[in-house]
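Following this line, the structures themselves.
Across the two complexes that follow, chain A remains constant while its partner is chain B and subsequently chain C.
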Partner chain A sequence: MTVAAPQRPAAGDARRSEGAKAERRLAAWLCAPAVIVMLAVTAYPIGYAVWLSLLRYDLRFPQEREFVGLSNYLAVLTDGYWWSAFTVTVAVTVVSVAIELALGLGLALIMHRTLFGRGTVRTLVLIPYGMVTVAAAFSWQYAWTPGTGYLANLLPEGSAPLTEQIPALAIVVLAEVWKTTPFMALLLLAGLALVPDDLLRAAQVDGAGPWQRLTRIILPMMKPAILVALLFRTLDAFRIFDNIYVLTRGNNGTASVSILGYDNLFKAFNLGIGSAISITIFICVAIIAFLFVKGFGAAAPGSEPEGRR
Partner chain B sequence: MAEIVLDAVTKRFPDGALAVSEVDVAIDDGEFVILVGPSGCGKSTTLNMIAGLEDITSGELRIGGERVNERAPKDRDIAMVFQSYALYPHMTVRENMAFPLKLSKVDRATIAAKVDEAATVLDLTQHLDRRPANLSGGQRQRVAMGRAIVRSPSAFLMDEPLSNLDAKLRVQMRTEVSRIQKRLATTTVYVTHDQTEAMTLGDRVVVMRGGVVQQVGAPQHLYDHPANLFVAGFIGSPSMNFMPGTLAEGALQTALGRVSLPDRIRSALESAGAPSEVIVGLRPEHFEDVALVEESKRAAGTTFPAQAEVLESMGSDKYVYFSLSGDRASSTELEELAADAGTAELPSGGNQLTTRLSAASTAAEGEKIDIWFDAAQVQVFDPSSGRNLTA
Partner chain C sequence: MRPRRDGRRRGIGLLAAALITAPALAGCGSDDQGVVLRFYTPADGATQYAQAAADCTEAAGGRYRIEQRTLPRQADEQRLQLARRIVGGDETLDILGMDVTWTAEFAEAGWIRPFPPRVADQVRQGTLEAAYETGTWENRLFAAPLNTNTQLLWYRTDLMPGGRPPQTWDEMIDIAEQLATQDRPSWIEVQAAQYEGLTVWFNTLLTSAGGRIVGEDGTTVRLREGDATRQALGVMKRVATARGVDPSLSQRDEGASRLAMEDGNAAFQVNYPFVLPGIQENDGGSFIDERGNPTSRDTGRRVGDVFAWAPYPAVEPGGDANVTIGGLNLAVSSTSRYPPQAFEAVQCLRNRPNQLRNAIDGGVPPTLEALYTDPAFQREYPAWRAIKASLDDASVRPESPAYQSISIVISALLNPPSEIDPHAMVGELASQVEAAVNSEGLVP
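What follows is the complex of A and B.
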């Protein structure tokens, strides 16, 4: 893991042997089918969406379709709706991922120490993750509907949490956390298994209590697993749609960026603006992924003295 | 600085396995004690109980006179070196060594001074800012030692610290460990299954078998006066030769001929109530080419003719191997030793005689030679209990 990347042969080496050339050709042929499929199913729709986002294109006024350059993006980024949706999305993402990380870590530590029925415990824990999000979201919705819901009945008379911004978002976060904590826990459990027992015993003899063992040994050793789990979950949470769609339909300032894109595309039929929103979301996701991957580079053991980050 | 006392310490694992049974050992302040025995005999379990990493099922453990059974490892003031070294991979060498000091809230300047001092002692100064993954095996081993010594604990516990090193480095590090222990004069308990380490390092050696202590004593004492067959066969390399024998009228009938026993041994056998069928043990160095033995001494021993099968010349000595006629000595202890050494399956396993002769001997492979051995060095064991009847 700490060895320098193997030296690649200098590109364009004219005297590359015939055998090597043939091998490269073969490699290209073998990769071709996958590349073609990838282009067909991902690159084409993405490219088409980019193209749409550069047009003024409203299905209600198809004859006004014309090329407008980046002005759709300008419209999106100078609009209050986008920024409010963006704030909501970031808030839901940060809060739910943070809670999931803490809960997931706790669950993983418990599962790691469980001596009996490991398989059963792990399967049970995964049940929420195995449920269809929309189905789960509906059950949350009923639970929080005044009059009929068992959770809403616990609240004071007359309160309707799903109709107010902050309580509604809290319920969205709750639904997200309930559903995806198990996934987080399993990813972290895999990371925990990578911490050698001897290290913890050594730390114990060196004078570390349980908390110090967690923060000074287990967490640093699990850093790669934690980053992977955070990356997956952050990307996922940033695109949150179904829970919000079912619980609030994005009303009362609870719309996420995906809801905003959906509304523009499929309610307002504005393909230009909708595509611009989708592409902007895509760019945000790419930026998140990029930041995490940069984080990985720095986290690789041995690449940088500890304590700088 | 502290003495460590194990008082009938016993470990039974939750699955019912009795790993350590009633171990009684008193380790003096500053003493270097070795726990040795074949794989699975409970050495690591004993060490882990001293460290506090395993609960003690029954019995009492005292460090510095105080009962510590219930104390957490960090409150026992001990340092441990693991076979895997257990270095923290995300920390530099310096951080690894500073870790125990940091946890005990020592101030920065003192930490830096202590780490530097330990690094100088262990010749690690130029590696302080590297990570364990980038070090050689020997360097990692020294970092593990360094992490133990920076704290100046009251005792060191080491679990096979050298077994991951290659042979040459192991010898080098062995002297290093010995040097450091002498210099610091810290009570040390050292686990190994290598009997050379046991012989060379320790002030005293504890030989274990199946969770039970067989004998405790200075290395030379264990070598000269093993308490039973197991210790006799385990200590010494190449190991003691065993063969069945019959006691009759103060003499011993063996595959090597009739041995008339000296008075000391005869009376020892009598007072021990020796059975007539016994196991006879002879160390390789107690044999000699009869041509090199003074006439006056020959009568005190037994001479027998044999055909040298294999000869290994070491320069200083010659190892000559012979086949013994007759049955091999059989006892559960010898079988266990053979299994541990991996020689149980060899056809000639227990039926071969190993001798160490002077370099001047004219012995040659495949040729007949007369071999003499000293009757005073004969050890006699009870085949059923394994007890040494001559010790």
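What follows is the complex of A and C.
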């Protein structure tokens, strides 16, 4: 955006830098409203949450409010509920993102190669992503509840999958995958467009089979798109809330870290502990983003993508 | 008594309040109609509460108007909305319909006002003792009882050996297992999902076995005393692992229990009296064949024809059950601008005609003792004798400002009930409840 013009005569240079300064000032003025709004709606709440997480602050005991340093974080990190929620969250994230990547890549390849009805196919694929998550989650819930659901009726008599930890988590993963695979496919489709057809044809002439073309040319060329897609979905999946809230309410050991934070804030009214959980989630998300972003710079094309973990 | 706030919070609260009430003000023009009391009630029974509000507005002769407003259906969400708005300084909350378990918490946090002694005395007159108890905290009345509720045992007469209902949990489980071996409906429906209902079930079993969760002060945990905790956990474990148990038991709430019985799959349920009008509304539920199993064939006989009630089962033979009572109390918000009028309105909203209407149209038993001898009430509640007896033996849930956290850790630890280890769990339960009472650590 800034104008850089190094090879100019000295007089012109001074004038231009004068102009550049003015332009930069204008840019700052133009950005200011957005920056102020961002500060007001993100920096302030985040800062306030950090402050709350350092207090003993339970809405039910307002007179006991005091500064306790990091002891809320200590309470969170030494609590079994946090670690079980963390394990559940990581498991759901890894499994659902891995499945989404595989399915999304398949869908993207199909959409890319579709010769007719391209628009129709893409629209159809996107339908699940367009649905309201909570509405979709309710229909999954009814479908898997014995007595009301067609899917539960396919299971052996007497099984209620939403009442047991592993089956319930499998349903959560299913709902997530169903819902967000289209998003993954769309991001990957954009990456596929980056692969030049000439290169593929040249490879074909050189005798590369379809599998070799996929793993040696298409995937390495798509790597930036894959990493972006993985980053988006991992961050999203790590914060999973709505599907679990509707499907199981976090019962039977299916609570994610976000559900745990919600329960401590809005059921126990414990602002200190709840904020500490929120900030810990925030830090986890930042770590994930950092790992992915570092992965961008570090990995050479063709090497194993670091993000796929 | 107001919650402490700094200036910034007040600003946000006012802004939020303005945003929330702006449409209401525009719609009703309440500013030029004098004192308007907003009466927040749960969604269930909202029609009756709105009628009561209209009647009491008329009775006030223009001194104030009561506007009924509906809160969400789920108790957790009602509590969250009320607490959030009071902490935010919302002045448009006047009269609050409060679950019986919230009294200590709201009173201790300064979210509701104590009743003036004169009004409290009037409320006490003729009110059921256990119901009055639920509205008090530290010997002061903070919430006036409107409705109460208690559970009974509902059973199928056609499935009982000798036609007689069981008197203890052990008897009931024996009958259920016998029914299961005969391939007949064998489910025992209890509220065992991970929510308040599971805590209620545990508390009823515990108090029936002579135990308590916390002492009078609301802070001393008494789960380790005696053998009652282990006994209560043992009953839960046995119900959940009996032969022919409902596979969805660990997801059942009151509504699901009722429907399982109406569908003909359950032989027993412990539940509130609403199940009786419920099964009548559904034409008696599913058809049943000569062995009592549900069928889609028109056999001329339905679940409703063999549906009966009995006192809640005891834990020990010859003992009584102390059923945990529920219900709705009326409190005055600490943010209300018109406390005197609000206290007056509360007395009107819980008067005899309004309680009778709630009982008859809404299916919730009244808290005025005199109504139990009213023929209109008795006609509508064939089970009134059992209900009254159950209320007289009732137990109150632990009164503690941290009740919600106590309830959450109990229901999380005891769900699913099939995995309870009665011996090993007493200590863990006690220490988790201790942490909850002191609001230490996390709630699941």
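In the analysis below, the second predicted complex is superposed on the first by the 274 of 309 C-alpha atoms of A that agree within 3 Å, B and C clash if a C-alpha of one lies under 4 Å from a C-alpha of the other, contacts with A are read in each partner's own complex, and residues count from 1 in each chain.
Assume contacts are C-beta pairs under 8 Å (C-beta built on N, C-alpha and C of every residue); 3 or more make two chains touch, one makes a residue touch a chain.
It should be emphasised that the depicted structure is a prediction, and the values quoted were computed from it without experimental measurement.
State whether A:Ile273 touches chain B only (first), chain C only (second), both chains, or neither.
The answer is second: A:Ile273 touches chain C but not chain B.
Quick one: is A:Ala160 in contact with chain B, with chain C, with both, or with neither? Answer first, second, both or neither.
Only chain C is touched by A:Ala160; chain B is not.
Residues of chain A touched by chain B versus by chain C: which partner has the larger set?
Partner touching more chain A residues in the overlay: C.
First (chain B), second (chain C), both or neither: which does A:Gly209 touch?
After superposing on A, A:Gly209 lies in contact with chain B but is clear of chain C.
Between chain B and chain C, whom does A:Ile217 touch in the aligned arrangement: first, second, both, or neither?
It touches chain B, and chain C stays clear.
Contacts for A:Pro196 in the overlay, against chain B (first) and chain C (second): which applies, first, second, both or neither?
A:Pro196: touches chain B, not chain C.
Can you list the residues of chain A that touch chain B in one structure and chain C in the other?
Chain A residues touching both partners: none found.
So in the complex, the part of chain C that touches chain A is made up of which residues?
Residues 3-4, 76, 80, 83, 87, 105, 108-110, 193-195, 247-248, 250-251, 259, 263, 401-402, 404-405, 408, 415-416, 439-444.
Can you name the residues of chain A that touch chain B in the complex?
Per the touch definition, chain A meets chain B at residues 1-2, 196, 198-199, 201-209, 212, 216-217, 220-221, 223, 301-302, 305-306.
Would you mind writing out the residues of chain B in touch with chain A in their complex?
48, 51-53, 72-74, 78-80, 82, 84, 86, 88-92, 95, 99-100, 103-104, 129, 131, 133-134, 147, 157
Taking the complex as given, what residues does chain A use to touch chain C?
58-63, 65, 75-76, 79, 81-82, 145-147, 158-160, 162-163, 249-252, 255, 260, 263-264, 266-270, 273, 277
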